[in-house]
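The following pair of complexes shares a single chain, subunit A, combined with subunit B in the former and subunit C in the latter.
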Partner chain A sequence: MRTIGLTLSLLIATLCIAQAQVSPMVIIKGGEYIPLYGSDSVKVKVASIKMDVYPVTNLQFLNFVKENPKWRRSNVKGLFADKNYLSTWQSDTILGINLKKDTPITEVSWFAAKNYCECQNKRLPTIDEWEYAAMADEELPDARQKKTYNQFILSWYETPKTNKNKIGSTFKNYWGIYDLHGLVWEWTGDFNSVLISGESRKDVDKDSNLFCGTAAIGATDLMNYAAFMRYAFRGSIKANYAMRNLGFRCVKDITDEKL
Partner chain B sequence: MKNYNLKKVNVILLILLSVVTFSCKETVKKDTALYQCPMHCEGEKTYTEPQKCPICKMDTELANTSIKNDGEIPEMSIFNLPSKWTNQNNENISLLDLKGDVLVMVMIYTTCTSACPRLVSDMRNIERQIPDEQKNNVKLVFVSIDPITDTPTRLKEFAKENQMDSDQFIFLTGSVEDTREFAAVLAVSYKQISPKDFSHSNIISVFNKEGVLMHQQEGLGVDNAETVAKIITESNY
Partner chain C sequence: MKNQFNNYLPNLKVLYVLFAFLLLVASCKKAESTNQDSTTIETRGELVATLTSPPNVPRSVGNRAAKKLLVNMEVLEKEGTMTNGVKYNYWTFGGSVPGSFIRTRVGDEVEFTLKNHPDNKLPHNIDMHAVTGPGGGATSSFVAPGHEIKFSFKTLNPGLYVYHCATAPVGMHIANGMYGLILVEPKGGLPPVDREYYIMQGDFYTKGKNGEPGLQAFDMQKAVDENADYVVFNGSVDALTGDNAIVAEVGETIRLYVGNGGPNLVSSFHVIGEIFDKVHVEGGSLVNENVQTTLIPAGSATIVEFKVEVPGTFILVDHSIFRAFNKGALGMLKVSGEEKKDIYSGTIQEGIYQPEGSGIQEMPNGNKKEVADVEVIKSLEEQLSAGKQIYSQTCFACHQAEGQGIPNAFPPLAKSDYLNADVNRAIGIVLHGKSGEITVNGQKYNSVMTKQVISSEEIADVLTYVYNNWGNNKSVVTTKMVNGVKNSH
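Coming up: the complex of A and B.
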């Protein structure tokens, strides 16, 4: 049976199909939470979902690109991915020399990430789903008040090139998810629902503002600072951007399973 | 035993593959699509149905051509989006169907009482300044960010209420997903802040006849001279 399992997973790994890309998922039990950053402190409901345990890897994305030539670097349209898309790869279907198979894929646009998930019969998480899952540390589903949790995140924000670390190299959180903090930033399906300054995107439109979190200095604590960084980042990127420190993972609605 | 199991597994895989591959490519426009070998083994030869390339056996892909109008769609054109929309007359259209006109687009929702009425009046203001002889080449397009409420019927009523019930104005509603995607392309942000209300960017975008973004006007009641000039220039091409 083990041989079969192995053959199956090998076979599967080479196909575009979802169930194919071996990527374990775990259930995140839904609930209510107050988002860290927002104009009002209203509780937001999050439904139960399944989430990828790890971010999508270079190898998984390579397989996807092989199966879906429209997502190869030389084929992709500018509307869907800018010139940084997979730019450190050696060719359309060969990873960059410095890229390992089991490190998170980065340099992918929102469109590419979205289509990858759709091809796995999954989708990108919403900001709320992502933040809800990511407020857990090893022990608590909501560790946002803990100093250690916030220090871990902020020290990561200061560490360069963490995208070169293997998936699973950070901590396993309460839900069984790895690497929400510590490796790469992640695309969310509704990243463009962030309106930092009222109804205008003007303040966050410039590339120089990409990582600027200075406006949070007046914020009450580290927790808000870390969250502000993430929201400001989301508010400053565009759907065709491909960036060195931005990857993704997928989620799945649980109701889908029952159908 | 092992062999038998493997066969079974392969069969299951094949079934899975065919199902999922199909669903992955559901965005392909069946009626107008042409397929081509990705390796161009037979030059620019195209097929009307997806199939294997007879030479290299690779799956053919959607070719970069359009039947409606000769010539390729530019890379940055919104006509590359496969999304499906319904207009105020309950007709299903894709963005590609709008090719050939200069498009002035804005995202609103009809139950909005604060910013949207002003955005709508900005759009009408722009429309008034387009010379009559060029109006044939310009469409003003309103895309709903609240597709659940804004049914085609509701959009039609909205068009009438606002004296925009003519061919000049197009009102579109689509799926929640496609709406989010379209907003991403326009760099429009929006968020539902209560069951009835959204906060959203106030951006009017001008696309040329090929669907490429040429100009964006941000804010409410801003000076639209540049926007109007751009529309007139583009409609003359």
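Coming up: the complex of A and C.
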């Protein structure tokens, strides 16, 4: 009975009545890369996709919530979003006093983010897609070896309250995308999957890969502190968490005719 | 039937083992109640732990029974001051670096709640070296921003232990200040002392080099290279100096809980002018006596005890000494009370070091005469303008632009009772230097002024400038007066 209920509500969660929000996208040309937690340094293929140029804003999410009452704070199920969900908003449909329309939406759960993207006929990026796009700095598609690139990311991880900055306030990267680093963390579709996929470690608690020694043993690039922190962060969250520094953006597959 | 029999046998075994165990426990209790296996200590009641920020420590456990001890700690990422003009984004346990001091006794069952503030960007956890269990608690305490997590452990071994964050990248979390100390006292507590303080060393790696102003970001490459810009006690250069110095009175016994958070450097902990009566080596049960400098590994701690016999300022250092004087690993212990000349004679005879001074004074008469002959007559205006220039070149760095000095380090020349009381003494100090304790306008100073290598004429001019400014008594100092002091020895 309970399972049926769950399945039903999951089904309902994916339905939506919404006009697509206006949000520019650009093409990220696919390729290969070696992720931080690669299995034996095997390169991972990433297909070409279109990605939102900016993270989803407070205003865009407000419109979404207005059209989809089930994602209002008072209606949302605990299973899909914890008590921090939109907790700084004044009401179900009024943004918080300190929130601006053009700053990134945060305090949303994975379920809410996922459904938002689906309602735009988009989806959340995978970790690999996100990491692949985020390797770029202004000039290079893969800037991970550059000291300035790492330093920039580390310093924003250390800077408080960057979630209050406007979208587009960081740099435009090689692909034409803004704010992958510098404003907020972003949900990925498979945020909690990467650490369980390892061969002999399938029985190991996923979190334990991120502590002390094991973190170093499993990684391919020990100097990529920024990536360590992203993976640590992803390992600490659950799909119903709504957090002040965690937002999202959407991507779209490219169908043949569009290429 | 066979099955039943087989099922029956183990039960008998269990009973037998249980009986033997009970006998064992009973006999243990009779024989050695003081040396009880700490896993068997029972807890009675609950207690919310008092946590303190450095340099303070909570009260001793005294005679209390082992309890369920509730520890609530919040992780805060926040901007703080490394030294004058230099800011740093610290990550903290409880809002301070090092984090709050936790005081427990053997057998306590600690229920630890770790809260990660919603404004924080990063997940954190805590690895406590006092914990017996996987990850020292780290595997059970991984918590995202805006969430809290609980785990519990029993304190089995007495000692002073480090705790720290162990979230990847571990080095960076520690380098940003995520460490502190947890004390597990033996049954009955440590012997009482007069004062206890909490000090922890840490090394910091900043993008700008030491002293470069502004908000300084963490520099990963320097951390990997172990090339520290700051090595400090209690999180910042000024945490234990000036008004923040720790204090004591003559005759008191002091216990310092000293940790080393690292992330990289090992500390050679030393208190200048003191000898540790006791050192609990590496925070454990081995006690060494009469120790000058004790080594504290990164991720370890030590307890030192000493009685202060004489008054004065005692400097705490990492005796890898460039860290102390160039990177900040310096603290102060100010001891007040009556001098004891038999233990330490004090300032008068030992104060002045004149490697060349005495030689000059013993030069032949002809030289003296020559000195006396050079008598220059200048107007007051000429003296003041020359004196101003000399002041800005020679005196300014310590005594400051308006003669205000630097509190606790360099005495003021403005409205200075010490200066105005005796012109010849002032001339003598410029000529020969001065060290040892003096009292200026009611404040004690105990630093060193080196002798100034400037001519008699220059000394006359600069002192005249000083005496005719900032509310002083307008004395006019002549070259003749300077030479008089010079020749009087």
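What we mean here is this: the second predicted complex is superposed on the first by the 205 of 259 C-alpha atoms of A that agree within 3 Å, B and C clash if a C-alpha of one lies under 4 Å from a C-alpha of the other, contacts with A are read in each partner's own complex, and residues count from 1 in each chain.
Everything below uses one rule, namely that a contact is a pair of C-beta atoms (placed from the backbone, for glycine too) under 8 Å apart; a residue touches a chain by one contact, two chains touch by 3 or more.
Given the structure is predicted, the values throughout are model-derived calculations rather than measurements.
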item	value
Which superposed partner A:S155 touches (first subunit B, second subunit C, both, neither)	second
Partner chain(s) touched by A:E32 [first = subunit B, second = subunit C, both, neither]	neither
Partner chain in contact with A:G235 - subunit B first, subunit C second, else both or neither	both
Subunit B versus subunit C as contact partner of A:E139, first or second or both or neither	neither
Where subunit A meets both subunit C and subunit B, residue numbers	235, 238
Contact footprint of subunit B on subunit A as seen in their complex	1, 3-4, 7-8, 11-12, 15-20, 39-40, 68-70, 75, 77-80, 110-111, 114, 118-119, 121, 189-195, 198-202, 235, 238-239
Residue ranges of subunit C in contact with subunit A within the complex	77-79, 89, 118-123, 125, 127, 135, 138-139, 142-147, 166-170, 172, 176, 207, 217-221, 224
Residues of subunit B touching subunit A in the complex	2, 5-6, 9-10, 13, 16-17, 20-21, 23-24, 38, 61-62, 75-78, 80-81, 115, 180-181, 183-185, 187-191, 193, 199-203, 218-219
For the subunit A and subunit C complex, residues of the former touching the latter	84, 147, 150-151, 154-155, 157-162, 185, 205, 207-208, 210-212, 215, 223, 225, 228-229, 231-233, 235-238, 241-245
